[in-house]
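What follows is a set of structures for review.
Both complexes below contain subunit A, partnered by subunit B and then by subunit C.
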Partner chain A sequence: MAAARADTLQPVELADGVEIQLRVAGPAVRSMAYTIDLLVRLGIYLVVWIAAIFLVLPGLGMELTAGLMLLFMFFMEWFYNVIFEAGARGATPGQRSMKLRVMSMTGGPVTLAQAVMRNFLRVVDFMPALYLTGIICMLFTKRFQRLGDLVANTVVTYADPPPAPVAVTEIRAERRAPAQVLTREEQAALLQFIERAPLWADERRIELAAVAEPLTQAPGVEGLRRLCGMALWLQEPEEKRGTPPPLKGAPLFRS
Partner chain B sequence: MTPAQFEKHIEPRWQKLEKLLTDVEYGKPREDVEELPATFRQVCHDLSVAQHRMSPQRLTQQLNALAIRGYRVLERHSSGGWEGFVRLFIVEFPQAVRKEWRLFWWFTALFYLPAVLIALITPSHPEWAMALLGPDGMAQVESMYGESSKPSDYVRESFGSGFAAFCFYIWNNVDIDFKTFAGGIVGGVGSLFALLFNALFLGAVFGYVHYSGNPMTLYTWVIAHGAPELTGLVISAMAGMRVGWSVLRPGRLERRAALVLAGRKALPLLVGAAVLTSIAAVLEAFWSPLNLPPVMKFTAGGLCWVVLAVFLIFSGRGQADAA
Partner chain C sequence: MRLEDMTVVLRPRQPWEAVDLGCAMVRRDFGRLLLLWASTVFPLWAAVCVLLRSAPEWIPLVVWWLKPLYGRVPLYFLSRAAFGVRPGFVETWKAWPRLWLSNFLPALLWRRFSFIRSFAMPAQMLEGLRGSAANRRVKTLAMDGGGSGSSLSYAFSKIELVAWLGLMWGTYELLPESAQPDWNGLYQAFDIENTIPDAFLWWGAACHMIVVSLVEPFYVGAGFALYLNCRTRIEGWDVELAFRRMATRLSGAAAVLIACFAFSGGQAIAQEAEGKDAAKVVKEVLKDPAFEVHKIKTKEWVPEFDAPDLPTVPKLDFLGVIGEVLFWLVIVGLVVWLVIYLVNNRQMFVTRGVSKAPVRAPKVIMGLNITRESLPDDIVAAARAAWAAGDFKEALSLLYRGSLSWLVTRRHVPISDSDTEEDCLVHVLKAGEKTEASYFKQLTGAWVQIAYAVLPVSDEEMKSLCDQWPFVEKGGEA
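And then the complex of A and B:
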């Protein structure tokens, strides 16, 4: 499927033998999630600092408060991401707001060990500044993995499936069987065409239908009408015929 | 079966799975939760069929999302909690160190030899140590281990209490451990650099105290917490090198696979190093400042080294290999 190469879907085989598609997230959206996390962290620091100054400082004194703050900073710097990513949702607040999720490359949730690995290596991914190493690494791996992801065997994916296109117009075309036998890929192309055609302008539909002229044997609007008819036939062959659509045969598209 | 019929045929299955998953995700599974695995497999099967028949993307995407959701629920790992953590430290960590014994001795040598070397040459050539320590470092060493000063006074002055000092040591030393490990992924260079830098600095401190201070205060101060702290640093550098080495020489594995495997092997080392350094922080904050006679300090300090060696050599033996 040529379509699979143009998008960011990555096939993964689950332990159950079924293949799923992961929609991996790129550097841009991850940077935004990181920025939100940064702001969240700053907010937490601010709140805790103020709380420490007004609540802890009078009781425990300067040195102890400073010590506690150092301890708190240590945990925030190293474990903020780890705790959220190893949690039930598998995402930090920033990632959640961007509808992202960290997943193991096996398709399962991230383990604590993986979360530790991928986040402790942030130090190196950050080098020399602003995650330059990580971003370059992401651009050179097909799953957008930074060094930490590579070692931990994790990917950052979109949590939800993309919004499905909704057909706005009803297609009125007469159902007709294709003149040739179509391969599985060709059938899929026709089915996807009919699924998406309502979302396009007329010119675009005709333009695309013209590609299939060897099959439809008609130019322009007539070609489009015939193509839609064949797609409808694939979706729902007439009841009486009962024959399944043929599976293999001559290619439809000019190469 | 036409695509529309197929869609209608499988709909009750994925709707059932969706309901079961929602129940589990909200933590309120009902009796029918036992059907979850079977329903999940069935929907996985439907997904395969849908993919093969090139069903509409809307359908495959929906099934795909459900399969991921179901897999997340079914494959949820339990990290083992505190019990798992204790096992990681007591069993898997010493096992990992023993398994990597070559690396351990290499790094021990790489750490202590330069340190001893620079400490030895400092009394006759103090300029090396002085350059390494810098004016601030020298002033600090003087104020801690000088002729008339005690490290405990210096620590009390800078931190106030043992607990504050403990917090500082965690923040500073465990942080160094983690960074030393992370630097290892660049072919081990970062770990080696951190190890050598710390070795030279440590050697410079020892040499400089011999040159212009009171070595006795230094030795009584560091003998106990030095054992876990220095070993922790060496082991965290080891963990980094473990990962870096897999980049340099993946062996018969693909580099990517070697990296993942090395990461798994490095984790017990990293956790162990962090725990050792945390123990060192406790000792340094609460034991080392005590003003006890040197004999007691050396006995206790020696005991620390012996306990650590026994722990690393014998702990977790006979337990099933954590692989």
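And then the complex of A and C:
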């Protein structure tokens, strides 16, 4: 059962035995990024065409201007992605706006060679027309790779760190060490609980605290209070900050 | 619903990541989903095709319009598979009529144009709400994920459209000419009925169905995952799941402890079970991609030429023959040149100062220069003069050298430069004339006496040596 659990994090084992998790991005968000890039390129062509008509055409004539424009478009079509992806941010403007970036499978930035390979192979992914091969390939590979990615050993991942909820809520509970030794997953769950609890309704909080009753050994609000105390203790075991003392009748959560 | 059995890793994700999760879920079960799809949707399409057989241009529109129905069976499967209970085919087929008939009209009429169709579908189908309650519920959920829901619809309709056009464009050239539209006529007269053949329309409809079958399950799965993500964020499903596991562990530990006290034989049974589990665990671990055995197969492409094509290519074998001949010519030339060079420069290999002597006579014996040039013309006179001057050693040296020189050059006595006086005498006695030999014997005695023993030689002896000097040109020899 464990082997078949679906997840968006894809583990990759590096050569030195370290396992990293890649937040790979799928076809939907990548198609959005591609559309934005396409619009950016079309916009650039439009601007350059108009500029050429007024600045270059009178001097060089129609044929030479058209030739220069075709050359310019050729370089844009082939190297727009390469230059941006091999650059410092590892993302085209479209990918950046969707908060994506291209990465090597090892989690490092792509090299110029990888960027060239994955983008020149767009021709193959485009086949038979309109990226049909690329779309199908992305839908059916584990890390959402199109053929160019598979060959260049790259992935497109989310660039920004996972969202960290801002907790400005004051929690009136007394710090207390958990009554039993907790595993890392359980500690993480407790921390998640204390970070996200302010977003939930009171009933839901008590419901969740009731699930954790074997740990708190208390039902209802008292269980919730103990659970919050343990989570606070995990956040900061030493009493560095003075915790507001639990007031009788005062709400447990106060923004 | 048992959260513990979830086969999906839940955590609060960003909307697009949730969409990716949906894609991953669908990909995992795509085979089964496609089978369910084929068994439920294809009959409907067949019916549509039969009904619209005289107007195939309307088929894609109807197929598109009926889309809300298609996703219901896959959603039924996905929602159960996500919670660890994969429904069998029979079970799914039994649920099929109920799934399609519930919410039938709203879904196909006023909700058809909802931008959050796939996101709202789980709320409508799985939560069992009806009417205004369902609307409220969808609205509540959409507060958090509605924007992403419509982005999702946009992204997938774009993918679907692009894939459809791509498939038609990519296979256009494969169509028989009778099935290809007359584009010129279409542009000029805009006469759709006569310029676009029915075959083209049928084929376009078929392409549309193929693409919908491919993309729609992913769209439905993505909407479901977005819905899951929404509820995970709102209700903390991932936290609940972790808490449930913790509760099981904490209370389970206590239960085991009690069991150990209760049954004495419990331990053995537990161990046996553990052994079985270990084999299972090993199998599961080995399923991991990290243990996959990769093989690299290298295939070499050898271009094949057809035999009939070969005669057109001029025969170039003679070039090889010429090349070989040239090669050997160069080698022979090199060897000849080397020989000539060595012959011309052979003095490089010979010690300097040794001229082409007419005889191989040594020039130096026992450190004494015996070449004719180093000696005076009249050796006897020179010796007498040296003797008169009191230089006895020089006088005898002259005589001795002169005699050796004569013997070596004229008589060809085989004396080598390493021979001693004794050796020389032996050689001379063997090879030389009697008079010369006896004279040489006397001379050697005198020379050894003065040169090594440093004993005086009498004037008489010297006189007799000079008088008897035999090594002169005689008669015809002069």
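Simple rule for what comes next: the second predicted complex is superposed on the first by the 197 of 255 C-alpha atoms of A that agree within 3 Å, B and C clash if a C-alpha of one lies under 4 Å from a C-alpha of the other, contacts with A are read in each partner's own complex, and residues count from 1 in each chain.
The rule we apply is simple: a contact is a pair of C-beta atoms (placed from the backbone, for glycine too) under 8 Å apart; a residue touches a chain by one contact, two chains touch by 3 or more.
Quantities reported herein were computed from a predicted structural model and do not represent experimental measurements.
Of the two partner chains, subunit C is the only one touched by A:Thr8; subunit B is not. With both structures placed on the common chain, the touch criterion links A:Val18 to subunit B but leaves subunit C unconnected. In the superposition on chain A, A:Pro128 contacts subunit C only, with no contact to subunit B. Within the superposed three-chain model, A:Gln180 lies in touch with subunit C and out of touch with subunit B [touch as defined at top]. Contact with neither subunit B nor subunit C is seen for A:Val82 once the two complexes are overlaid on the shared chain. With both structures placed on the common chain, the touch criterion links A:Met230 to neither subunit B nor subunit C.
When the two complexes are overlaid on their common chain A, residue A:Leu215 makes contact with subunit C while staying clear of subunit B. Within the superposed three-chain model, A:Leu112 lies in touch with subunit B and out of touch with subunit C [touch as defined at top]. Contact with both subunit B and subunit C is seen for A:Ala188 once the two complexes are overlaid on the shared chain.
Common to the subunit B-facing and subunit C-facing surfaces of subunit A are residues 162, 185, 188, 192. Considering their complex, residues 14-22, 61-64, 66-68, 70-71, 73-74, 77-78, 86, 90, 103, 106-109, 111-113, 116-117, 120-124, 147, 150-153, 160-162, 164-165, 184-185, 187-188, 191-192, 195, 234-237 of subunit A touch subunit B. Across the complex, subunit A is touched by residues 5-9, 12-14, 16-17, 19-21, 23-25, 27-28, 30, 82, 84, 151-152, 155-156, 158-159, 162-163, 165-167, 169-171, 214, 218, 222, 233-236, 238-240, 242-247, 249-251, 284, 287-288, 290 of subunit C.
Those residues of subunit A whose C-beta lies close enough to touch subunit C in the complex are 1-9, 13, 23-29, 31-32, 35, 98, 127-132, 135-136, 139-140, 142, 144, 158, 162-163, 180, 182-183, 185-186, 188-189, 192-193, 196-197, 199-200, 204, 208, 211-215. On the side of subunit B, the complex with subunit A involves touching residues 2-4, 40-41, 44-45, 47-48, 51, 54-58, 61-62, 64-65, 67-68, 71-72, 75-77, 79, 159-161, 163-168, 170-171, 174-175, 178-179, 181-183, 185-186, 190, 243, 256, 259-260, 262-264, 267, 270.
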